[in-house]
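The same chain A turns up in both complexes below, where it pairs with chain B and then with chain C.
The block that comes next holds the complex of A and B.
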């Protein structure tokens, strides 16, 4: 089966969800999410059954890459969407309260089918991004993802913060689109090619680097928006806090990982060019330092857990940009840095999805996502507290969790490339991370929560966890520890 | 005819700068949105100029760039469709489309 069938199947799956909702008279709409999850699990296994292109020279494969990296990121996109759909199932009460207004006679869960179908379309977009190899396919897949996110972020139309986050994401997202398109136009102007191999050939022989660097400035600013790195990361805390929690998880993991593979593909021609690579590395190193400083130090002051995860996502982007900046020491082949970035993103995906699953359950039960909602969680629900402990430990990079290996490989790269200053900042940033991640753990285990009435918050609502999310949480927790012991099994997928 | 590519790039650069300045400076969200569309148009003009610049000896422009341009126009239309819906929803709740009114989420 050709690889591009996978995206088509995912789009059809989204359409099937909408069709069943329209004609099927579904009583409990959670079965729609179930349909989506089952379909995605099938697609995930089909990922290993794809065939190599029969005619790799033909025009189509200029638009669509089928390397190991592409499949790896398609896998991340699919697994993320599965977890997000499971999260959406538990999110129905919030949707009913704040979602699109429901007419009196309509189904009480109406509006949920779209909340399932849109992440599926988005998943197809993320999978296309993983394979995008040509400026046209990069642009179109990126915009498929961005425009779908506009809808999803503002989905809780009657909730003030969600709508506000939607407007902010809309304006800044459209701004980054404008920057990206202008940068792509100049990249075309500098090289005369739209496919990345053609661009690579043209940049390798170019004598005047100025147009390409001009294009690079715009492209970097736009892609930094997608992956959440400075100079365009300021939207992240606001939008993460305002968006519905499943959408925040999708933004944090899906958008960031797909954004990074596009960024890597776009940077490869620059990093391979003799004339440009030194300058590009300097810019990337500055970006990494600024992102690490901003993400880690702003996170120290946060009391809202969703916002905290937003700043932590910025700081993770800083580590990833640092890995990218250390590319040319390997002959510009970018292979080892690409592996590092892919591994780090896989570890971040597993860790962050677990954190968002716990967060969405706790915030739905306790009607809030600030630090206070997590106080005394260990007494109310030892299960959730333990999972959050694991997730935070992995985010901070405690040894024998998967997050440790992610940071370890990044530091190793930076040492090989002698990027001493960014490395120092990264180490300080990682140390700051220990403070704010462990403050959350401290709140869960050593403090007691008091509700609005002054009494300790009970455990009654916390035990209502859907079977799907429960299984997903246990599997993610096992993955954090399991891959912490055997990181090589992820790396093997990339060869 | 053959006055070179520079005037076109200059005009598109000015168009882009005006659009960018509008996004940063204006407070009305509809106007901001118009400025964003202007930035996309600037990119389109750049693409057309470069595609003429890379014309083949038979003087057909490089049609690859035109394909990207049509995709940009299509995507811009999709973006407007979603964007205006969000702005309408904002107006219904806030009775204002001033960007200063969206300030509940703060540090």
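The block that comes next holds the complex of A and C.
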């Protein structure tokens, strides 16, 4: 079965959800999310059944890559969407309070079907991004994802912060789209090719680097917006905080990982060109340093956990850009360190999804997502506190968690490439990370929460966790530890 | 089932039991206990199958799995090595382990932390199996530390008692000192032999041409690990205190298996110890530390009053024998004694547990007495265990002690003399214990009202008593050659003859002196403060800690407060906070501001890339 069938199946799945909602009389709409989850699980297993193209030379395959990286990132996109749909199930009470207004006679959960279908469409977009290797398919798949996000971020229509986040994301996103298409046009002009292998060939022999570098500036600015790196990462804290938590998770994990594979594919021709690679590495290293400093230091002062995860997402983007900058050299031209980036993204996806799952349960139960909501969590729900502890340990990079190996490989790569200054900044950033990640642990285990009436918050509000979320959280926690022991099993997928 | 799968199952099964208990069964203590006991018996069954599968072949190298593979930097594997040594050791670990689990069902009944206790036991079984079956040093070290953790948890089982919590801490910290040396030793051996896989290391040592000085140093550092885990002088102080743990734990961990891990490890790397070519200082040091510990501990045992502590010092002393044998190139002899000792010492500890249980947790032997009639089964089995420990001819302890003494006779006459002396002391203090606790009249209420324990407790005693007597005979040991020197006395017949005569004299002398001194006594007739106070080692160590550790610690505290915290930490942290504050100012929340920054970022990129 050709790989692009998967995207088609996912889109059909989204349409099926909408149809069932419209035609069938679904009493409890959580079953719609269940349908989506089951469908995606099937798609995930179909991923291993896809065949290589019989005729790789034909025009279609110039638009669509089927390498190991593409499959790896498709897998991440599917798993992320599964977790996000499970999260959405627990999010229904918040949607009922702040979501689209419900008429008196309508179903109390109306509006939920779209909240399930849109992530499915978005998932198809992310999977397409993973395979895009042509300027046109890159742009179109990116826009499919971005436009869907415009809707999802502002989904809580009766909630000020969500609306504000939606407007900010829309305007800045449109700005970045404009820059991207302008940069891509320049790149076409400079090389005369639209598919990446053609661009690679043209850049390898180019005499005049200026048009390509001009295009690169625009592309970098736009892609930095997508992956959350400086100089265009300022939208992240506000939008992350305002968006509904499942959407934030999708933004942080799905958008970032798919953005990175596109960035990586776009950078490959530049890194492989002997004339340009020096400058490209230097600018990536500068971006990494700036992103690491900004993300880690600004996170030190945060008291809102969602915002904190936003800054943390910026800081992780810094490590990833650093990995991208530490491209291994093969006689002059450089290679992209695809394995390191892919491993880091997988580790970040697992860790961050767990954090967002816990966050969405806690914030829904305690009506808030600042640090106070997490105070004394260890007493109220030892299970959730333990999971959050694991996630934070992995975020910080404690040995024998998967996060440790992510950072380890990045550092190793940077050492091989002799990027000493960025490496030093990365180490300082990682150290700062320990402060803000462990402050959350400190709050959970060593402080007591006080409610609005000044009394300690009780246990009662935290007992309802959906079975799906519970299983997902346990699996993610096991993955953090399991892959912390056996990082090789992820690397094996990339070969 | 193929041996490979069996070996991995033996390793994983106890872990699974521990995890299931910890995660799911905490609220059902009896279910936890039964699950843990079943897993122990299942591993025993599989160990027997594994030993049979091994048969006469030298090794079954089971599949090893790559764990960390960084090309050119580091490569670690997880693999199991099943050979005569490890298969035999597994029989001891799972055999004693299963019986101790069974005994615990009775001994720990009604304990508030029953589920936690059995989870700890299963965790221990997992860790110990890992040490025994590991095919490389890195894996062994990890399980070595896991054993330390589970020992910590079990010693501190009754953590609400300060003495138990302190003892657990002491055991852990003392072991860490040894383990630090062990770790450096492993790394050094890695450097010297270019490998940490035992079979590859052996090939490297056999090939020769290694740096002798470094190899000797590595052996001594690795020995540090055994000094800690097997409680040899000078790190022996933790073991007597570890008796704060529940008695089944003392039997399993602090007598039969964990403390033997040091000896087993030395036997595992015997090729390293013997691989140092000439003037083997390392082996000599090992032998003398072992001999010295044997003597020291036997002396201390003569003046203790707590029944478990007497047995603890006796364990120290017997471990000294085994370590001494390792240093005298007698790894088989050492392992043989490890094997017989495991059975009879587990028996003695469980017997002591039954006594303590029957006497409502009275541990002072001077408050017992006359238990012979009250606890007939315990009395009989304890008598057999004592006979094996003091090496009465015909019992298993006799054969194994003979082997070590004969080995010493051929190598080092001074250590031979020490060995004979320790044998006499052993006979003396065990006679004392036996007479005071079991014979004569009851000397307290608790002893007066003692009743025989139930079958769940005396059945393990009976099985162990059988092993205590017969485990040295060929029909049992024939199955696994690594533990069976085969009674081929090296050297001359004269050595064997002389040794038998001398050890009989030592036995008779010790028993006679003990009987003469203690028969019919109501309280301690002699008082040797030095021995009763264990040569003041604990006082000496706390003095050393006060002067060597506390003074620098105070200095470091000031450095930490004023230099590190005041200067080195304060300014950077304020700097970081300042940077964070500045960055968050950029985060104004105004869309126009973000648009401006967006444009500025683009311009910066353009400027840098095009300049």
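The rule is short, and it goes like this: the second predicted complex is superposed on the first by the 487 of 495 C-alpha atoms of A that agree within 3 Å, B and C clash if a C-alpha of one lies under 4 Å from a C-alpha of the other, contacts with A are read in each partner's own complex, and residues count from 1 in each chain.
Convention: a residue touches a chain if its C-beta (ideal position, glycine included) is under 8 Å from a C-beta of that chain, and two chains touch if they have at least 3 such contacts.
Note that the coordinates shown come from a computational prediction; the quantities given were computed from them, not determined experimentally.
Look at A:367: by the touch rule set out above, it reaches neither chain B nor chain C. By the touch criterion stated above, A:167 is placed in contact with chain B and with chain C alike. By the touch criterion stated above, A:230 is placed in contact with chain C alone, chain B being left untouched.
Once chain A of one complex is fitted onto chain A of the other, the partner contacts of A:464 are absent, as it touches neither chain B nor chain C.
Looking at the shared chain after the overlay, A:182 reaches chain B, while chain C stays out of its contact range. Within the superposed three-chain model, A:143 lies in touch with chain B and out of touch with chain C [touch as defined at top]. When the two complexes are overlaid on their common chain A, residue A:97 makes contact with neither chain B nor chain C. Using the contact criterion defined above for the overlaid structures, shared-chain residue A:238 touches chain B and also reaches chain C. Looking at chain A, you'll find residues 167-168, 171, 175, 179, 237-238, 298, 301 touch chain B in one structure and chain C in the other. Note for the complex: chain C touches chain A at residues 66-70, 73, 576-577, 579-581, 583-584, 586-587, 589, 591, 593-595, 597-598, 600-602, 604-606, 608-610.
Residues 9, 16, 19-20, 23, 29, 32-33, 36, 39-40, 42-44, 46-47, 49-50, 53-54, 62, 64-65, 67-68, 71-72, 75, 78-79, 82-83, 86-87, 89-90, 93, 99, 102-107 of chain B touch chain A in their complex. Of all the residues in chain A, the ones that touch chain B in their complex are 135-136, 139-140, 143, 147, 150-151, 154, 157-158, 160-161, 163-168, 170-171, 174-175, 177-179, 181-182, 184-186, 188-189, 192, 194, 237-238, 241-242, 298, 301.
Of all the residues in chain A, the ones that touch chain C in their complex are 167-168, 171-172, 175-176, 179, 210, 213-214, 216-218, 220-221, 224-225, 230-232, 234-235, 237-238, 279, 282-283, 286, 293-294, 297-301, 412, 432, 485-488.
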